[in-house]
Amino acid sequence: MSTATATPGDVKDRSLAEVGKKRIEWAFQWMPVLGSIRKEFQAARPLQGIRISACLHVTTETANLMITLRDGGADAVLCASNPLSTQDDVAASLVEDYGIPTYSIKGEDNDTYYAHIQAALDHKPHITMDDGADLVHQLHTERTELADGVLGGTEETTTGVIRLRAMANDGVLKFPIVAVNDAMTKHFFDNRYGTGQSTIDGILRATNVLLAGLNVVVAGYGWCGRGVASRARGLGASVIVTEVDPTRALEAVMDGFRVMPMSEAAAAGDIIVTVTGDKHVVGKHHFENMKDGAIVANSGHFNVELDLEGLASLAASRRTVREFVEEYTLHNGRKVFVLADGRLVNLSSAEGHPAAVMDMSFANQALAARYLAETHGHLAVGVHSVPEEIDKSVARRKLDSMNVRIDTLSDEQEQYLSSWQEGT
Amino acid sequence: MSTATATPGDVKDRSLAEVGKKRIEWAFQWMPVLGSIRKEFQAARPLQGIRISACLHVTTETANLMITLRDGGADAVLCASNPLSTQDDVAASLVEDYGIPTYSIKGEDNDTYYAHIQAALDHKPHITMDDGADLVHQLHTERTELADGVLGGTEETTTGVIRLRAMANDGVLKFPIVAVNDAMTKHFFDNRYGTGQSTIDGILRATNVLLAGLNVVVAGYGWCGRGVASRARGLGASVIVTEVDPTRALEAVMDGFRVMPMSEAAAAGDIIVTVTGDKHVVGKHHFENMKDGAIVANSGHFNVELDLEGLASLAASRRTVREFVEEYTLHNGRKVFVLADGRLVNLSSAEGHPAAVMDMSFANQALAARYLAETHGHLAVGVHSVPEEIDKSVARRKLDSMNVRIDTLSDEQEQYLSSWQEGT
Amino acid sequence: MSTATATPGDVKDRSLAEVGKKRIEWAFQWMPVLGSIRKEFQAARPLQGIRISACLHVTTETANLMITLRDGGADAVLCASNPLSTQDDVAASLVEDYGIPTYSIKGEDNDTYYAHIQAALDHKPHITMDDGADLVHQLHTERTELADGVLGGTEETTTGVIRLRAMANDGVLKFPIVAVNDAMTKHFFDNRYGTGQSTIDGILRATNVLLAGLNVVVAGYGWCGRGVASRARGLGASVIVTEVDPTRALEAVMDGFRVMPMSEAAAAGDIIVTVTGDKHVVGKHHFENMKDGAIVANSGHFNVELDLEGLASLAASRRTVREFVEEYTLHNGRKVFVLADGRLVNLSSAEGHPAAVMDMSFANQALAARYLAETHGHLAVGVHSVPEEIDKSVARRKLDSMNVRIDTLSDEQEQYLSSWQEGT
Amino acid sequence: MSTATATPGDVKDRSLAEVGKKRIEWAFQWMPVLGSIRKEFQAARPLQGIRISACLHVTTETANLMITLRDGGADAVLCASNPLSTQDDVAASLVEDYGIPTYSIKGEDNDTYYAHIQAALDHKPHITMDDGADLVHQLHTERTELADGVLGGTEETTTGVIRLRAMANDGVLKFPIVAVNDAMTKHFFDNRYGTGQSTIDGILRATNVLLAGLNVVVAGYGWCGRGVASRARGLGASVIVTEVDPTRALEAVMDGFRVMPMSEAAAAGDIIVTVTGDKHVVGKHHFENMKDGAIVANSGHFNVELDLEGLASLAASRRTVREFVEEYTLHNGRKVFVLADGRLVNLSSAEGHPAAVMDMSFANQALAARYLAETHGHLAVGVHSVPEEIDKSVARRKLDSMNVRIDTLSDEQEQYLSSWQEGT
């Protein structure tokens, strides 16, 4: 593909493209929502002439988002939102097979990482896409001259949205942002169903233990925790939940789970998983009281939820006994196994969210991009929720892809509902 | 109890008091949250000198709320919020055994119903308690002179809150209202767990069918629908969900249920239950296509969800075949069984919410009354949510009653959480 | 119906027939398997000229069995297998509306009970039907002259089968018996699905407690225990299992339940149900250590599983607080609630097995009667299992009634299967 | 370890021993039952002087069995029971680190495979251990002179037991065999819990699809099918079961699953898994009617359950799109994905049974070996079940390892039970 080889970019090895392409196509099979949008985009070209700079994890699913944007007419480039998460074959294929400039090498050092963000900004985007707000942050600090040309941006993550809201509150944000993370069809589904399954999957791949009959402790009963607890129970485990919020704790009880403080749960658990968003949820004294052979993993926030320094201070020795499994032998003679160094176990030892989950998330991204293009810059500066019609459209497309049909309100029903709900 | 007999009130038969008392005490066993508040109220008397007029369903659980208010120092009276829901033995016992003036007779006519509300208003309340806003409505239309003396009111139901919000929007509301219904520990628990169980219970008591292996159709996947669907599945049914909202429909799919339009579901269902809040969710053409022997029940909104007139027009004959079970023999030769005349099946053929559910609801009521007393009238006119500390206190007391202990954030964790969530 | 009034029998009140008939017809709706057999019997009259004496619980479901036998040509009479279980309206309707001689009055004394069995034996049966072997026992002791005329009998219960096997082993049994209880489609389904649901139903009707979040202890993890445990979990309870058999205990663990000795479980349980088949499974020391407010019920064997004498010796007082609920106030100040006096809670406070369960059981009875008629007395004396083709036929008819179709083996598949399973 | 290097054997690469040892130790962590037996064996040396030839899959779990036998005093050797399943690092470690002669190289050709069995037979075993009866078969055909010295053998698999029963029936079997497969703690647990989890695990590793909301078809509702169906449901799938047996089909219905013929199920399924034990359960016409993107896997019997030749005849093209995933593009334009070439998906793309499952199986093996040693050859020739006390001992040890305690019958209870069950 002689034209494709002319595509600029900085990837590890362009010869990996063939493998990458197959994997991108496999993922696309499982992204029917994005697929339906892509078809529309190919016909209507709603992003014609729009320059998009995206700073996302360079994975097969992201590749399909980029291709969809390209097919919608956009002139899109991509850089990595994390130095470690790049799939080099995907990056190669994007450049070689799809003509999408990509700047991203797995394991790149800090300087390269920021150089790649700069390369993406050199594209002079009309729209930014972020996963953690690094691109927008760079733009607001190093490349402020670009802000005027930006119609708006999108942000994928909780962390990024928090960061951008802080910028908005401080009055420094210079263009509107659509918080894709806030869409029901994004956070509601990826936390419960995505994290629920992939966390268990990560633990099984790392350890190959039989869950049936084990005590599995899930720290945190937010949407992620519910997902993990429900899946662990579905595989035969007896699940214990720990919480700091009494309402959530009560829900866990009413859902049939045992609830207790971590100090007790740590001693009872065969497997302990944290999904709280807070630090040192499993602390030194918890590690000290664990059963011999306890397995500990984190699927919540970065790698902060386990106090691994505290654990190390209790350990007489440590060694890797299986990929992603580190054995700590404590001075008390017991062994504790920590998975994936306390990093997100679903990303580390499994493959992160299945494509079906990213499908809905990236469908929101694609439709948010079209929405920003259609605003012609008239959207107020600030952080905006995904418009409800986009959110519902994603749900509707997903149902269509599954051949699931639903009811619609008759006029009479519509009227009845509004009459009593509006209190007239 | 010679003094008690002097208690005013209008009840069916004071000699029913003994039976009522036993039943009130049985319910109290299952209301540990209200019990903990009662103990505090007995010591601190936070409602000393406060006159309360309550307009609620006169049941064993309500009796325990009234006793708790009385023990907190309140001078409380009670009238019925519905002419049909009064338990006459409970009304008798409140007057005879607990000295609480009660105006309420099961099956009272419309005039008596309103006379009873007037009797409650004659009490010149500092605080009103409503279940559907009838008391407040009467006060604002017939007894406006009383409004000045009112510190505030509470409201138990969705319907009442909608009505009061409309009054507030129209500028006619004259004092603050605490919307008890909005408390997480109220609507979140009674819809899912209360309605979930009691709906199934009502169907079983009415029919004694074996749920295992049946197709159970649940119309609506709000909190009630989730509860019913989950309980039906828990008893071995294969559950089909119908919805009009794509996001909820998608959740139902992801939760492992089949989703289809009612036109298909009606033909597939062995049992069909509506919990949508809208009218004629099961319409004439649905009844026409049902299986021979289909059972249809409503556990949603009043008796509007089933189009029973439409059904009647299809029927060659009808008769009652079992208490709460009406058999319609259609012209097409098939039989359809309607439970409880399309009225709420959990209230009609079972006993409504278990005491444990009302416990949390009425704990919110009691604490909301104390809160109103403590505001000394400084709360703004309008409809207010239950303060979060009350909501969490109810959850915490419930956990305590179950001997469930939970974690608390360390200072370090509190700080970490706020640091990243606030984006600094 | 002038002829019908000539039908002999001894029932409480023939004027109850109308109510009974409605209820018999309602049950028939839920007995499609028996219905399909009845239709065949009406056409083929396989029992023409056969005299049948049945000694069964006189309920709506039994009535439909009797009607089916009659429609198959049999000359059938019925007496009660238990002095307390007769539904008098059903007995009346059998005599008045269906012309089936019935000898059975609810609450009859011992003499009447045996006189009724004698009346049934006066019928000189070709086939006996028993539920506990009382009829066969009487025949073998008091009416031995009848044995020669008997082609064979059927037996419904575990207890009866055990008794008859003992008779066979002792060489005193004089004709063949088909042990209906041994059919997969009988014990396999009524224990798991029937007892599972009806036990929970009995507890809910007796107490109206909310199961969600409660600790429910199930003693025994046989088929009944599995059923109860699974249903309790399905309603949101956290289930604890007790067992004496290590393999069953291990299964319970692997199924995600907590397993512990009753001494610990009794102290942890909010509700405790016994389904073990053994006596005093909940003993005095267990009652002593229960939580305040614990609810205890039996759904296993007669009324022997709870040591109620032991409990009584611990009690300072006792009283009935709700129908089927007896409150024991112990000297330690705690209250324990015993349901239905320790008798089978599903029969006492609910309605026993749903008709759908009895349908399969009685379908086996009807087909076993035809089988006995077809043997012309050539079946060996002894206790026989239900022939596999009858068992499978019942399953197949049940599937048909639900419109469920299944696969059949191709010749090639049949051959492959037998080739490797037979090791050639 | 200079002595160890003298251990004979034929393995791929002795330098792999270090990796193998770590993995053997990791598995041992999850084999507490075998661990408890090993401890006893180390003390009592019940196999002192006994020569054992084992022909098993050479895996980490088997290694721990061999070590346990060695520690019990046995002089044990090992060869592979399958040319493909050997873990070369484990074989190396057994020879190098544990001094156990091992003859097994992954991918060995047919001649080598049989030569290795001969090498194991050269050991002149007192006890044989088989997984498929190859060793016993060789002994009975090529090495008949050895039969006299054999006390007995054990057999791990269904297939092997069938083969050996056929030999016994034909009168050619020359020594007693203990059918380990028949132990409750073997087949009951590995089919339901082991195959249940590992099949799902295999599908997830191969495809990374999100199960929630998918239609998963499980062909066969034996113990494996139940396990797979229950786990798929536990992960949010809507499960469809196909069966040829009406009783099993009915159970599946009563357990809340949809049941239909494969001709319909194939068209409805997103994922289709076979666990029937029969051939071509998914045939050409089924493949033809599948949805675009359907995933098909086998976890039942060898690779016969899918008619892949039939599928190939429908395909315009095929290619591998992911490890273990072959894409067939049919002439009708739809794609079908076949996992692991139709071989057992849990072994191919996951790691087979977790160690906890093999633990119970191999505990039965070790105790059966001790049992054979203790018979001194007095056990009758033929195929014997594992003695019940061994089976229960394995369950009891497993419970002990989980700190689960259970009840024991009192004398009074023992007596009561036997009295009514024996009909006196």
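Note that the chains take the letters A, B, C and D in the order they are written out, and that residue 1 is the start of every chain.
Going forward, contacts are C-beta pairs under 8 Å (C-beta built on N, C-alpha and C of every residue); 3 or more make two chains touch, one makes a residue touch a chain.
Treat the numbers as computed from the prediction; the structure is a model and nothing was measured.
Chemist: Quick check: more C-beta contact pairs at A-C or at A-B?
Modeler: A-B
Chemist: Among all other chains, pick the one whose mean CA position is farthest from the mean CA position of subunit D.
Modeler: So the chain farthest away from subunit D turns out to be B.
Chemist: Report the inter-chain centroid distance for subunit A and subunit D in whole angstrom, where each centroid is the mean of the CA atoms.
Modeler: Computed from C-alpha means, the inter-chain centre distance equals 38 Å.
Chemist: Which integer distance in Å separates the CA centroid of subunit A from that of subunit C?
Modeler: A distance of 54 Å separates the two centres.
Chemist: Rounded to a whole Å, what is the gap between the Cα centroids of subunit A and subunit B?
Modeler: Subunit A and subunit B have C-alpha centres separated by 39 Å.
Chemist: Residues of subunit D that touch two or more other chains: which are they?
Modeler: Expected reply: 193, 212-213, 233, 236, 250, 253-254, 402.
Chemist: Report the residues of subunit D in contact with subunit A in the complex, numbered from low to high.
Modeler: Residues 22-23, 25-26, 29-30, 193-194, 196-197, 200-201, 204-205, 208-213, 230-231, 233-236, 293, 321-322, 325, 335, 350-351, 353-357, 402 of subunit D touch subunit A in their complex.
Chemist: Which part of subunit C faces subunit A closely enough to touch in the complex?
Modeler: 212-213, 233, 236-238, 250, 253-258
Chemist: Could you pull out which subunit A residues touch subunit B in their complex?
Modeler: 159, 162-167, 184-185, 188-189, 192-193, 242-247, 249-251, 253-254, 259-262, 264, 277-281, 301, 304, 391-392, 395-396, 398-399, 402, 404-410, 412-413, 416-417, 420-424
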